[in-house]
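In the part that follows, the structures are each spelled out as structure tokens.
Same chain, two partners: chain A is paired with chain B first, then with chain C.
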Partner chain A sequence: MSEPLEALAEYVLAMADDELILSHRDSEWTGHAPILEEDIAFTNIALDEMGHAAVWYTIRAELLGAEPEAYSDRLVFQRSAEDYRCTPLVELPNGDWAFSMLRQYLFDIGEKVRLEGLLSSGHTPIAHAAAKLRPEEAYHERHTRAWVLRLGQGTPESRGRMQAALDGLWSFAPGLFALDPSAEPASQVGLVPDAGRLRQRWEDEVKMTLNEAGLTIPEGVAPVTDGRRKHTEHLAGLLTELQSVARADPIAAW
Partner chain B sequence: MTVDDTQWPRFQVFKQDRLDVPFENVGSVHAPDAEMALQNARDVFVRRPDCAGLWVVPAEAILEESGRVPTAGGEESQGGGTASTEAFLVFVKQDQSGTHIYRGQVEAPSPTHALILARSSLDDPDRPGIVWWVCPARAVVRSEPDEAESMFGPARGKLYRQPGYYRADSMMRAIKARRRREQDEASE
Partner chain C sequence: MSRVIDKESVWSILEDVHDPEIPAISVVELGVIQGVELAGDRVRVELTPTFAGCPALHVMKREIQERVSALGAGDVEVVIVLSPPWTTDRITPAGREKLKAFGLAPAPIHAGDVEAALLEPATCPYCGSQDTVLKNGFGPTACRSIHFCNGCWQPFEAFKPI
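So, the complex of A and B:
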């Protein structure tokens, strides 16, 4: 396989891992959200992100010539934390509802600008996948943005919680655009969009919403830029739970 | 709102399965406002495919009437023809196990008048309505046609939400069938 395509497979893995781990975090709200309707809505979003992860794992499998279903299962259920390529933002524990909504919103805008960029990817399956996933992301954005605005503009308590969430998340968010060195050649030949440009578009858009919500964007906070190989201590525990059933009976058929 | 009542307001939800069939009441959701009600309605009631549009209406904006025909009277009819009118949507339930289905619009000066007008002009003599709902058209929040793709499109690509997608289902049937056979053999 050529170097750019190998790099593309690494890029796709990072996207898939971000989606999978955030999906798992979101799914932890199932049965615990503030009201029934939100429980269903956020569970829906968690399922969507898991579906996106499956799409990207499948594309990676095809790039590597592996059988998609078995390969995806192996990646998800049999990999240890150090082989994951997710960014710390998605690993952080859920915190309160404001924290989870804001994280999902920051992620949604990141995914939106990335999918827009991938529409013109030189690798056709990726361009097709981006086109397919975009409408779903538009819905996520609509939902999470509405919550950011309502909590930000709501009561002193909701505003305080949203501000605390922003203070806690802001340094981690740019990590969404971090490229693993192994994925860089894909960017150089136009298979994937330039990360710096994506980050700028993301920042312009989320700042508008955060301002509209009446929140104060933290200043002088150094972004967490440890790349995609250094994980928080939270990932290992998350994977233990995520993988427990599959590891209990590795050859079971589902 | 009382101290005990911490629920958000309730909205009735009407769903249209295809563009050529009427909107139909599918249930209700709680939400802080109409925009969120529409989103909640999408998540609660459009998990399975087949949705072309959604309406949400604050439950308190709906006037319900069943049984005998009300008569125009009291304060609302005073002033007669000078009262300004507005559009009301009419929904009717035709049998006990059915739901409220959109029937049409009437122009009326008040909800009570709208009910009377609806029953006299929109009823089906062969299958008379048993419970009627009217609400001002301005109280209805509708999904936008240009948002249909993001609101309703994704459900179509999600077969994994259906139980039939999983082999566990067919495996369970096979296990049960085997048990039955074993029990039959044991009892012979």
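So, the complex of A and C:
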């Protein structure tokens, strides 16, 4: 396999891992959200993001010539934390509901600008996948943006919680666009969009919403952008739970 | 034992396969069959998901495999394809009527403009009123939303435009 395609497989793995780990965090709200409607909403968003992860794992399998279903299961259930390529933003524990909602919003806009960039990927299966996933994000964005505004413009308590969430998340969010060094050649040959340009588009859009919500964007915080191999301590615990059933009986048929 | 089968018999058997989450209409009416190809006694069916995370996809895939094999096909391949992406516009007119009878409002025809379709009030499948409000953009399955009709005071579900 050529170097750009190998790099593309690494890029796709990072996208898949971001989706999977955030999906797992979102699923932790099932049965615990403040009201029933939001329980249903977060559960659906978790399901959508898991579906997106599955699409990307399948594309990686095809790039590597592996059988998609067995390969995806192996990647998800048998990899240890150091082999995951997700960014710390998605690993952080859920915190309160404002924290989870703002994280999901920051992620959704990141996913939207990335998918729009991937529509013109030189690797056709990726362009097709982006066209498939892009409309689904419209539902997430509409929901999470509305809650960021509502909580930011709401009571002193809701505003305080949203501001605390922003203070805790702002340094981690740019990590969404960080490329693992192994994925960089894919960007150089136009298989994937330029990460700096994506980050700029993301920042322009989320800042408009955060300002409209009346929140103060933290200044002078150094972004965490080296996390795709340096995970937080939270990932191992998450994977222990995510993989516990599969590891208890690795050869079970489902 | 395999025998010669034709495309019509494959399409016809697919009319008996349903999305387990929307049993009111067949996979053909739902528009998730992208194509059927035959080469001798080998059959290839292209299936596309409504939403990427649809957990019912593999159930449909297995059922298509079993039904088409039972027709006498020697080798049946059901492949999942993503392009062109499925849209609610692909639900057939007959399928839309069956959805209404099932109490599920079909999505408006949007020709690709999902954002605009999202702003339209859903039409109540019970009384036809458009005086309805969206209660939750997320529902019991990935493809459904929850609404309330001010005309007949009924809560109802709708197929999310996509």
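We adopt the following convention: the second predicted complex is superposed on the first by the 253 of 254 C-alpha atoms of A that agree within 3 Å, B and C clash if a C-alpha of one lies under 4 Å from a C-alpha of the other, contacts with A are read in each partner's own complex, and residues count from 1 in each chain.
Here, a contact is a pair of C-beta atoms (placed from the backbone, for glycine too) under 8 Å apart; a residue touches a chain by one contact, two chains touch by 3 or more.
Just so you know, these numbers come straight off a predicted model, no measurement behind them.
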- Overlaying on chain A: chain B and chain C, fit or clash? clash
- Task: Please work out whether A:Arg197 is in contact with chain B alone, chain C alone, both, or neither, and reply first, second, both or neither.
- Result: neither
- Message: Looking at A:Arg142 after the superposition, I want to know if it touches chain B, chain C, both of them or none. Which is it: first, second, both, neither?
- Response: both
- Message: Looking at A:Ala129, would you say it contacts chain B, chain C, both, or neither? Reply first, second, both or neither.
- Response: second
- Message: According to the stated criteria, A:Arg247 is in contact with first (chain B), second (chain C), both, or neither; which is it?
- Response: neither
- Report for A:Arg150: first if it touches chain B alone, second if chain C alone, otherwise both or neither. first
- Task: Figure out whether A:Ile40 sits in contact with chain B (first) or chain C (second), or with both, or with neither.
- Result: both
- A:Gly51 contacts which: chain B (first), chain C (second), both, neither? both
- Which listed stretch of chain C (6-14, 24-32, 78-86 or 150-158) steric-clashes with chain B in the superposition? 150-158
- Note on the structure: Residue overlap on chain A between the chain B interface and the chain C interface 37, 40-41, 44, 47-48, 51, 132, 135-136, 138-139, 142-143
- Message: Considering only the defined contacts, which chain A positions touch chain B in the complex?
- Response: 35-38, 40-41, 44, 47-48, 51, 132, 135-136, 138-139, 142-143, 146, 150, 253-254
- Query: In the complex formed with chain C, which residues of chain A make contact?
  - Reply: 37, 40-41, 43-45, 47-52, 54-55, 125, 128-129, 131-133, 135-136, 138-139, 142-143
- Task: Using the touch definition up top, name the residues of chain B that touch chain A in the complex.
- Result: 8, 29-32, 35-36, 39-40, 42-44, 47, 147, 149-151, 153-154, 157-158, 160-161, 166-168, 171
- Mind listing the chain C positions that touch chain A in their complex? 49, 51-55, 82-87, 114-115, 118, 135-140, 142, 146, 160, 162
